[in-house]
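Think of it as A, B, C and D in the order they're written, each chain with its own count starting at 1.
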Amino acid sequence: MPASYAYLGPEGTFTEVALRTLPEVATRELIPYVSVQSALDAVRAGEAEAAFVPIENSVEGGITTTLDELVAGTPLTIYREVLLSITFALLVRPGTRLSEIKSVTAHPAAQPQVRNWLKKHLPDVVWESAASNADGARLVQEGRYDAAFAGEFAAARYGLEALETGIHDAENAQTRFVLVGRPARPAAPTGADKTSIVVWQRDDHPGGLRDLLGEFATRGVNLMLLQSRPTGAGIGNYCFCIDAEGHISDRRVAETLMGLKRVCLQVRFLGSYPRADAGPTEVRKPLPGTSDEEFASAADWVTRCQDGRF
Amino acid sequence: MPASYAYLGPEGTFTEVALRTLPEVATRELIPYVSVQSALDAVRAGEAEAAFVPIENSVEGGITTTLDELVAGTPLTIYREVLLSITFALLVRPGTRLSEIKSVTAHPAAQPQVRNWLKKHLPDVVWESAASNADGARLVQEGRYDAAFAGEFAAARYGLEALETGIHDAENAQTRFVLVGRPARPAAPTGADKTSIVVWQRDDHPGGLRDLLGEFATRGVNLMLLQSRPTGAGIGNYCFCIDAEGHISDRRVAETLMGLKRVCLQVRFLGSYPRADAGPTEVRKPLPGTSDEEFASAADWVTRCQDGRF
Amino acid sequence: MPASYAYLGPEGTFTEVALRTLPEVATRELIPYVSVQSALDAVRAGEAEAAFVPIENSVEGGITTTLDELVAGTPLTIYREVLLSITFALLVRPGTRLSEIKSVTAHPAAQPQVRNWLKKHLPDVVWESAASNADGARLVQEGRYDAAFAGEFAAARYGLEALETGIHDAENAQTRFVLVGRPARPAAPTGADKTSIVVWQRDDHPGGLRDLLGEFATRGVNLMLLQSRPTGAGIGNYCFCIDAEGHISDRRVAETLMGLKRVCLQVRFLGSYPRADAGPTEVRKPLPGTSDEEFASAADWVTRCQDGRF
Amino acid sequence: MPASYAYLGPEGTFTEVALRTLPEVATRELIPYVSVQSALDAVRAGEAEAAFVPIENSVEGGITTTLDELVAGTPLTIYREVLLSITFALLVRPGTRLSEIKSVTAHPAAQPQVRNWLKKHLPDVVWESAASNADGARLVQEGRYDAAFAGEFAAARYGLEALETGIHDAENAQTRFVLVGRPARPAAPTGADKTSIVVWQRDDHPGGLRDLLGEFATRGVNLMLLQSRPTGAGIGNYCFCIDAEGHISDRRVAETLMGLKRVCLQVRFLGSYPRADAGPTEVRKPLPGTSDEEFASAADWVTRCQDGRF
């Protein structure tokens, strides 16, 4: 297994910053790729141990390229997730004043986060999209545009300076990234985990999705995300990417997955991994009757009944 | 273990007739008891191998004495059930004519089945309750009453003749009997089985009972009977006697029982045994996703996911 | 309308005591009937304004005669309910000592309430059933038996004395009685009401009863009683007597009844009336989103949407 | 009201083709706008009667800009929807041969639909993104790129020729467009309608979303789309765009909306309009008990019960 992590490049983006929060990167080579797809393909091809890509953004929603790669094609697994708060800096060539800025650039995904700021401070500026925020910074360095929105950390790399920092239209703007690898035994449960799956319904009838979600509710498993994705079979045909609280080694989660496997057309397991939003002290207490101990004791009881010892 | 079956006597009642439909009675001594409670206590005390008692009547409903004995006290198990169609004969001393009948007797439970017949044919007759239908026949033999409603089979035993047979107000009147013994490994599944339990809810809130029944519905298990019984803690406090399709060794039933055990205050297993209303050819096909094979394959899949082999 | 109430007689029973707790009896003639059926038929025939009968007992469960009369036949309505705590006195002819008692009598329904007391204090006594507890007292007066279990209030009427009072095997033993009349506009809601209905399911399939109860749960209506009764069409065919919290003029209850009416084979409305177990201060707060105001405002909103004003 | 429709321009795109399938465009001025947002703002400002924009694509999923505009900001209503099958033509300057193509362009949304075709026929070509497919055609006309993927209809406008037509990686690729206007009374029901809403849950607990969907299931209303969108309050906070079968004037839909309005934090009605995928002969028969007649008759029955006439 090569000791390298692929990630969505180029260098100097929020993705790299998020990736560097993982302790183990100290011992990995980090290799930028030009697209989510190419980074994931590097993992599938065995060229990288894992790939680090954005999966969801609290302003824009799911990153569909990432979701669709996980939904279809050779199975991959989520090993870890990272949450990063997103605020922008306005990077300019040293000496540039706000009043001199006629053109700005950034990745299109940055736009919803800086729109109001622009309207207020630079209402007449021309916006040009860049392939990435880092690439926007590079284009400012080269003199093609006057300013770029990017992470403050990108200033040093491109010889720019931050004219303004902490720019964000939406409070609590966050991006969620995942570290994705080939199928492997999930990391041990921490007590604050989540499990990701994709489900395809058998058919479509009133109450169908309600009953599918009943598989979770009956076992007291809370949903964290329900994201529909088209199956490609035409408008009206969807599968669902679901994140649920708990670890596949939790019995309530395992039994829920069993239930889904039985009643759904297809279920794809995407991994169980620690929740990025919860430390060990914030573990949600399971509902009465849904702890591992209660599952085990209920199973024992049924076995005793089956054996006539009750 | 004594080779005897206790039953609700006296001799010559529908209970005895139903009991004699069981093949194994050929090798058992059949001992009548004066009450359901005493018959069941004989089993508890080890004096009888099993007891045969009525549990439900399609006209009058559940036999509460039997239900309450199964619900409370030392646990017992249902081994078998028998369904018997109930029609009455009007038994008289030989030579008695219909016009001469001034008084009739029978067990009070017979009354709803003969009420309309009486209104039509003997509108002015006096009804007196007897301790059992057989006892009513005996009282006619002794000359205390003019006629008794009982099973036609009772005529010979008491030297009476049947003036009329096939008397029944309700079409399809049936009584269900159960053979009850000490806890033991349930009989092997036949493919057309039922499972009896008692459940006590943890608390009472809107949707509580709906969610409890959801444990069955989620696993595709059909209910055959839901009979509430007071817990004795005052009006408004009930437990539920439930019969469900399937055998505790069916995985969908076992998982349902596990679920109930976890979420209910208490569950009492009363047994899995062949359905009296279905031969092997009438087995209900389980819902998609609820066969043993599908449970087993779903469990295998979850294990593979837990192991990283998917 | 005759100003009389029929009730299950004879005089001197718990039923009469419960009936006399209703303020309006001061202006009614109270007429005892020999059976629940005859009392209810008196109402149906217009001979009585209403009938007062037991419907449920916290030890024995539902009074099936009463339930079955409400379920079938000419429709009747429950106007009121009364809860009465049941404890027995041991009534004897004056001067009789406990050690002299060889035979006791009472209505069979009294037996579960005095069984343990008898076992302890009169283990060898002979029990004979009486047609009613009051009738048992009369038989003691006549010298036929040595003692009768009855309400202490019956002593005076039959010239007996209470050798012991407050006899009860079960704590909280209560009987619930209902005042039943011809269909009429329900009494105005008090804020602590209940609604009684009977439902017949359209068919039987896994989840059928769960979905039926979902009609209540979706509108936040709590169940107080679910009692199955045989339909008479053979073992396995049941209807359900249901008591739910709230009044038919509460919108959440009205919408629930509408839902049941649509999805059930048949629904019979038995009445909305004040709960006997709750004073106005104990009213259960409806779930969020289920108050009349919220129903009204939601209906207004839909109307505005239908009109294009939103 | 100005007799004009805004649409997502430029001219010569699939959006314009889809728009022109609406009969009423014959009497409207069609005005292209540079973005979904600007087209919708033209409606909000009263500059256009309605705006025509894509909302969903069977390959890429929901068009988040459109969804988010409908979810937030000044309320708008969907009047109509149009489904368009999407296949691409490869447009070149007249005379260009396949072997001469070194660069291609199109809107990024086209890429998933032509990726495989490119891999097979032009594996070494350079891809450059264009602001729209029409804009890509213009850039080919200007000589900036060698070929553009666009609708075949765009060839004439830009003096290009189609070297290949019918290019599509996914069978059944469709885009769904909506005609959006200011709030107005919905068009009359056709018998094959859909209703669009946005719901925000009150809180997050196991079973919360299941119960929300239960509002639909209880009334037999089928879901056609469930699309989560971030609320902007941070990762893990979502609202749901829902399309359901039926028209707000259908009583089962109206009651469902009432239920959602009561139990949800917020509900936004987005319109009831004819389904683009169904002619009048393909109307789905409502579940038993969910037709307008059954709703009306159930409501009548409850009123009669409330009045004492039952």
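Everything below uses one rule, namely that contacts are C-beta pairs under 8 Å (C-beta built on N, C-alpha and C of every residue); 3 or more make two chains touch, one makes a residue touch a chain.
All of these numbers come straight from a predicted model, not from anything done at the bench.
The set of chains in contact with chain A as well as chain D is empty.
Hopping across touching chains, the smallest step count from chain B to chain D is 2.
The distance from the centre of chain A to the centre of chain C, with each centre set as the mean of the Cα atoms, comes to 59 Å.
Each chain gets one centre point, the mean of its Cα atoms, and the points for chain C and chain D are 57 Å apart. Averaging Cα coordinates per chain places chain B and chain C 26 Å apart. Each of the following residues of chain D touches two or more other chains: 211, 214, 217.
According to the touch criterion at the top of this document, the contacting chain pairs are A-B, A-D, B-C, C-D. Per the touch definition, chain D reaches chain A in the complex via residues 56-61, 64, 83, 170-174, 176, 204-211, 213-214, 216-217, 220-230, 232-238, 240, 277, 287. Against chain A, in their complex, chain B makes its touches with residues 75, 77, 183-186, 202, 211, 214-215, 217-219, 248-249, 254-255, 257-259, 261-263, 267, 269, 288-290, 294-295, 297-299, 301-302, 305-310.
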